[in-house]
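There are structures below to look over.
Presented sequentially are two complexes of chain A, the first with chain B as partner and the second with chain C.
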Partner chain A sequence: MTFLSPWAVWALAGLPVVIALYFLRLRRRAVKVSTHMFWERAANKTSRHAFFQRLRHLLSLLLHIAIFLLLAGALAKPVMDRLVNDGASVVIILDCRARMQAKDESGATRFERAIHTARAYAAETGERRQFAIIEVDSAPSVAVPFTSDERRLLDLLGEIKVTDAAGEMGAALDLAYTLLEARGGDRRVILLSDGVPVAESKFPLTSHAFPALGNNVGITRFATRTLPANPETSEVLLEVRNFGDAAVKTSVEISFDGRPIDVKALTLPAGGRSFSVFPALVKSGRASRGWLTARIEADDSLAVDNSAFATLPGARSRRVLLVSKGNFFMERILEADSSVKFEMLAPEAYSSELGAKFSAVIFDQFVPDKFELAKAEGNFLFVKSTPFSAGAVIEQPLVTEVDSSHPSTRNVSLQNVSILRSTALAVPLAADGWRFSAPLRSFDNALLVTGQRNAQRLAALLFDVAESDLPLRVAFPLLISNTVHWLAGDEPETLPGVIAGRPVNLPDGAKVSAEPMTAWPRDGSVHPAVAGGAFRPMRNGFYHVEEGGVSRWIAVNTFSEPESESKATSASTAVAPLPSAVFTGWPLWQWLAIAGFVLLLGEWWLHHRRRTE
Partner chain B sequence: MPAQITSLLSNRDLDRLARLRINAARRFTNRSRGEHLAAKGGTSTEFCDFRDYSPGDDVRFVDWNIFARINRPYLKQFHMEEEMHVVLLVDASTSMSFGGKLQLAQKVAAAMGVIALRGAEKVSAYSIGGAGGQGLRPCSGRASLGKLFAFLEGIQSGGDVPVDMAVEGFLRNHRGRGMVVILSDFLTAGDMKRAFNLVHSAGLEVFALQILSPAEINPEVTGDFRLVDSETDGTLDISNAAALLALYDEYRTSHQATLHALCQQRSGRFLTTSAAEPFETLFFETMRRKGWVI
Partner chain C sequence: MASVHDDRLFDSAFLAKLEQLHLLARRLFRGEQRAERRSRQLGSSLEFADYREYAEGDEMRSIDWPAYARLERLFVKLYEQEQDLAVSFLVDASASMHWRPDGAQRTGKFDTARRIAAALAYIALANLDRVSIHFFADSVVSELGVMRGKAQFHDVLDFFRQPPASTKPTNLRASVRAFVQRTKRSGIVFVLSDFFDAAGYEEALAMLQHAQFDVHVIQVLEPAELSPIETGDLRLVESESGASLEVTANEAVLERYRAEVAAYNAGLEAFCRRRAISHASVTCERPFEDVVLKNLRDGMMLK
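Coming up: the complex of A and B.
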């Protein structure tokens, strides 16, 4: 059953009023008479009928309540679903993607015009024509199921907002087809977008293409990464594209925590794009938010892609302990890494309690006595000597496989590295909660073993670096730095941005701000946080995340060339008149209205025959 | 156009009343000479009967024509015309203010008083409850018409004295035989039997006219309402009055029949009328037909 006018449920609030009015009506009017001697005798004689009198009053009250409920029910217009199946069904697909923010010559956005058109359609809602609305951002969703309630449609159209997300229209059309296939009668799809070309539609389709100016210039990529050679600095990649038909001269301004740090002039030919790299940017300090903002000066049709947001990783200091009798290459590398506080200790001075006090401990050709992986606390890098059972010695092993996706071997090129010998070791099986992998292999033998147990990490280099030419290569400091930072718990320094509309999985207990921030707040305020979980940001900007007492910022951007392409790809189709529904029988509300009217007549008849007064 | 003698009766009605006499069934008369025929023989000019002559009779009443024809003396007898005391008892309690009952009672009382005064009867009048004068002392002769009219015109409704109590009250000070015209709605739960007995034993013939308003004869009330007694201000909640109308009518008719029987048992007269009935129709048609006046 469907209620075409569910707002009529509020009419039930009038039920107490009806009952109150009924009892007010029962208040006896005073009639002055010469005497009531005869009335008194008559009343005394009929007093035994008082019970039936009360019943008569109860019947009258029940009739009033029944009439009211029937009329209220009729106002709500309940319709059996099997009757509506043969009615006219129209699905409005409302494009809420970023492209709908593009403006036309009058300054109105596509979305504003789409809402205006949708309101005009909603006004044609009736008993014989039901509308459903699908909103499309990164994914389609049914905003309103089929209804004849114009108020509900208009309320939704007043609340719905355009997003900064990119998405595909095909899924929305499929959803519309699915909705319509479940219904009978005349069916239609109305597409309110920028002119999506629809090759073939299962149902009659009316496409409204809202035009916009085609002179858009937008940022299509904006990313930061830590320089592997110098983790203290980051570099920024910026891509700007001209989607217009004329060359454009503009400038881009890079800001860090609200302060401009660089400005670059750009000249973009028609359809051209520009790549810029801003090197040696400072990493964010402890007090900063790490906001990196790029803005281009352009008076174009789409403003949303004129700004881009990114975050820089926070600076954290790591304590690393090298337990060695002396390793020149290792010492030099650790000394050179300013993000690491390096300490050195002789093997005989090491005790097992030290492991937990450092971010990472490097054992150079040394394994502490009674070292057990099951009980060890801390993060360890073993060089040459490992806690694993030593196998045979492999002479001159070849580096055959490098897992570049692993943090320790990321950006590490080990081609033609000569290693004198290594220990033969297959990848250990998972044990005591440890899971192992070998990002560096020589055929079936591992050259580098990494393991992880919850937050605890372990790495083992199965050859002596002094017996290889690795220290002479660029890969060596990278390999050691990557491994040490990975052991210390650092995430990959390249922070991928979040695309608007795509879900971001946050751990339990995390809180994220409800609205993004796009400008540096002078008062340091942050938007109110909401609960975490599956978080899907729909607007570009910086979102504040609180996770276990640690704050961080997420940068959200559109970064979609189809969204930035403001020129319409297809024209509107001819607007056809909307179909009307034909009910297979009388709607239920008409029966209710008739029943209420019949009861009203009955009550009137009974009242005038003194049956229910 | 001649001026109205009284506001209660038109001059035309007064003329018509001149041709009427009160038709008392019993002849309760007083010793005072009047125009009303007494039950016993008298010396009036109106012939009554013959009887044998007895020694000592006044020879002036011997019918000499008969004596000449049959040679036996017969004595002519004549009616005794004595005065009758007509008491007008007008109920002016609050209940009489409904539906013009008091106005009709005043008119009937005035008409009866006019007939009585013109018939050389002694007339006294009392109002039960009400404002204004409580009574008109016994008077006779046409010269008393003005006093009678003034008293009756001055009666105003009010008070809650039951008619049975009022009858007892007026009898304490009353002297003389005759008749009492009680003009009331008799809507009292009091003992009317005792009142009528007292009246009868006082040598007064009862002429009781019950005047009811149309709303009392056929109440037009429906639904739920609260009755307020005009005299006692007591209230009575009535539900579904339509269902009670039959009972109401039954009780009213029963009460009326009781009053009628009480009057009849005491050789009195009882009549029920509606206050809506025109005075002329009531008095010159209904009351004449019922034998109240002739």
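Coming up: the complex of A and C.
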């Protein structure tokens, strides 16, 4: 059952008034008589009669209350759901994707036009015609379930905002069909978008395609990565595409923490694209936020893709301890890595307390006494000698498998590397919280074992680098540097970008700001981080993340060519008027009103025949 | 509104009719003075009673000489002694007797009662009876001493013109007790009342009979009491006590009320019949002349 005027529930507050009026009505007309002798006996002859007298009082009051409740119920306009289903059900799909920010010749955005149209439809809401609204950004969601409350529809239309997210319309249509399949009567879909082509629709569909200027130029890719050869620097990749039908001359400006650091002129033919690489950018310092912003100068239809955001990884110095009697190759590599503060210690001078002060400890052909993986604290790289049970010696093992996705072996090429011998070791089973893998293998035997227990990391190289030609190869410094940085807890140098509308899983305890920042604040202010858990950014910009007392920034972009393509792909369909619902019977409220009136007549009849009081 | 001093109701024609009437007593009473009512005593009236043989000391003029001529024996003619009769009126002056339905313009119960009493008093005075009048409510509240002869009828009217206060409730038993205690001579007593006494009338009327009174009951009623027509949600205010009773009067209730009143009145009539008490029921709407000349004669109070 649906109440079309739920405000009428306030009428129940008048119930005490009805009861008060009833008792006021019982004020009797005073008549003087000579004696009560006969009246007492006539009016109250027996206890049974007195019982019926009280019953008459009660019946009269109950009749009054019943009449009032029936009329209040009629005011609330209850309608049986079955009858509503037989009416008209309309689902409005409101496109809130980034493309709806494109402007037309008058300067109005598609979204503003769509909201205006949706409001016009909402005005056609009636008792027998219910509307539901689906908003579409990266995914469809029901913004308003079926209702005939025009005010509610208009209020919620005022709250829906356009987003910078990209998404597909097909899921929204499927959701609309699902909503309508459960309904009866006339059913239809109204699509308010940029002109989505719909090949076949389960229900009558009216598509409103809101046009926009087609001269859009947008940034479709903007990414940074640390140069493997020079971890101190990063390079920036920028892709710009001209979605218009005419060649465009524009310029792109790269800013770091709000300061312009490079400007480049671009000439883009119609439909053409430009790739630019900005090399040798310095890494952000300790005080910087690492904001990298690209802006193109273009007066086009869609502004959201004229800016792009990225972050540079922060510079961090790692302390590494080499416990060795002397290893020329290892010492030279660690000395050459400027991101590492390298110290060397003789094996006999090592203590676990000392090792805990370093980000990573390298044991060269040495395993400390009583070293137990279960109790060990710190990050360790074992070379040749490992805490694992030593197996047989493998002569001249071949490198058969390299896991390039593992941080320690990323960009490492070990093709044709010659190793004199190694220790036979299968991948250890998980134990004491450790989980192990072998990113470097020789058939079934591991050549490099890595393990992780929460934030604690371990690596074990099962051969002596001096007994191989690895130190003579480019892969050696990369392998050691990757492994040391991985042990020290460094994230991959290339930060993945976040796409607007897609969920970002933050670690437990992390908080993120609700709104993004797009321009460098003069006062250095930061939006407070307010929420954690699953996070779905809907606008582009920098989001502030706090995690364990450490601040970092997430860059969010649209980066969707379909969203930047501002030309409509399909025209509007003919706008069909909404049909009036078939009148199948009286709504329930009219029956309630009639019942109340009949009871009123009955009460009047009974009262005037003194059956009630 | 007509009242007891309305001369139109006591015009000469009506008074002449009244003079033709006599109060009926079911038994004979011993009088004190000569009057027009026969007594058991033999006396000197013109009404022949009996013969007896002459005895020494009898007056010569009382000898029936024609009988002596026929029978040659001396007989003396005996004549009835006509004596006066004590006639008392107990008139209910309680609040219920003063009640009249709202808006009623006709004579009320109390006015009707005292007019009947005045008419009967006139008859009694015309017959040289001794008349006393007593207003009562919860007791005897005022009284007029013994009157005799038509000349004192105006005193009777003056007494009726000044009725006592009307707010007291009816207490027949206490009133009759007070009347009996202060009345030394028995005779006829007319009790004019509505007899609406919750304590009952039986004991009071029995007390009068026990005191050797020939009791005549005249129940004066208002038609609206017999058959009320007020319906709806009523708050009935009793005239005597001022108490309220909430009643929803519908046809069923009114029907029960009429049955109750009828049963009560029938009970009074039956009681009077059993105790050889003359009874007449009078309603205020009835023409006064009819009441006196018909109702009371039918009730064996007048001849």
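The rule is short, and it goes like this: the second predicted complex is superposed on the first by the 506 of 613 C-alpha atoms of A that agree within 3 Å, B and C clash if a C-alpha of one lies under 4 Å from a C-alpha of the other, contacts with A are read in each partner's own complex, and residues count from 1 in each chain.
Note that a residue touches a chain if its C-beta (ideal position, glycine included) is under 8 Å from a C-beta of that chain, and two chains touch if they have at least 3 such contacts.
Treat the numbers as computed from the prediction; the structure is a model and nothing was measured.
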item	value
Touching partner for A:Arg28 - first (chain B), second (chain C), both, neither	both
First (chain B), second (chain C), both or neither touched by A:Asn454	neither
Partner chain(s) touched by A:Ser389 [first = chain B, second = chain C, both, neither]	neither
Contacts of A:Met37 with chain B and chain C, given as first, second, both or neither	both
First, second, both or neither for A:Ser351, with chain B first and chain C second	neither
Common interface residues of chain A - those touching chain B in one complex and chain C in the other	26, 28-43, 45, 53, 56, 610, 613
List of chain B residues in touch with chain A within their complex	94-96, 98, 185, 187-189, 213, 215-216, 221-231, 234-240, 242-244, 247-248, 251-252, 255
In the complex, chain C residues that touch chain A	96, 99, 102, 109, 194, 196, 198, 222, 225, 228, 230-241, 243-254, 256-257, 259-261, 264
Residue ranges of chain A touching chain C (in the complex, touch as defined)	26-43, 45, 53, 56, 609-611, 613
Chain A residues touching chain B - in the complex, by the definition given at the top	26, 28-43, 45-46, 50, 53, 56, 610, 613
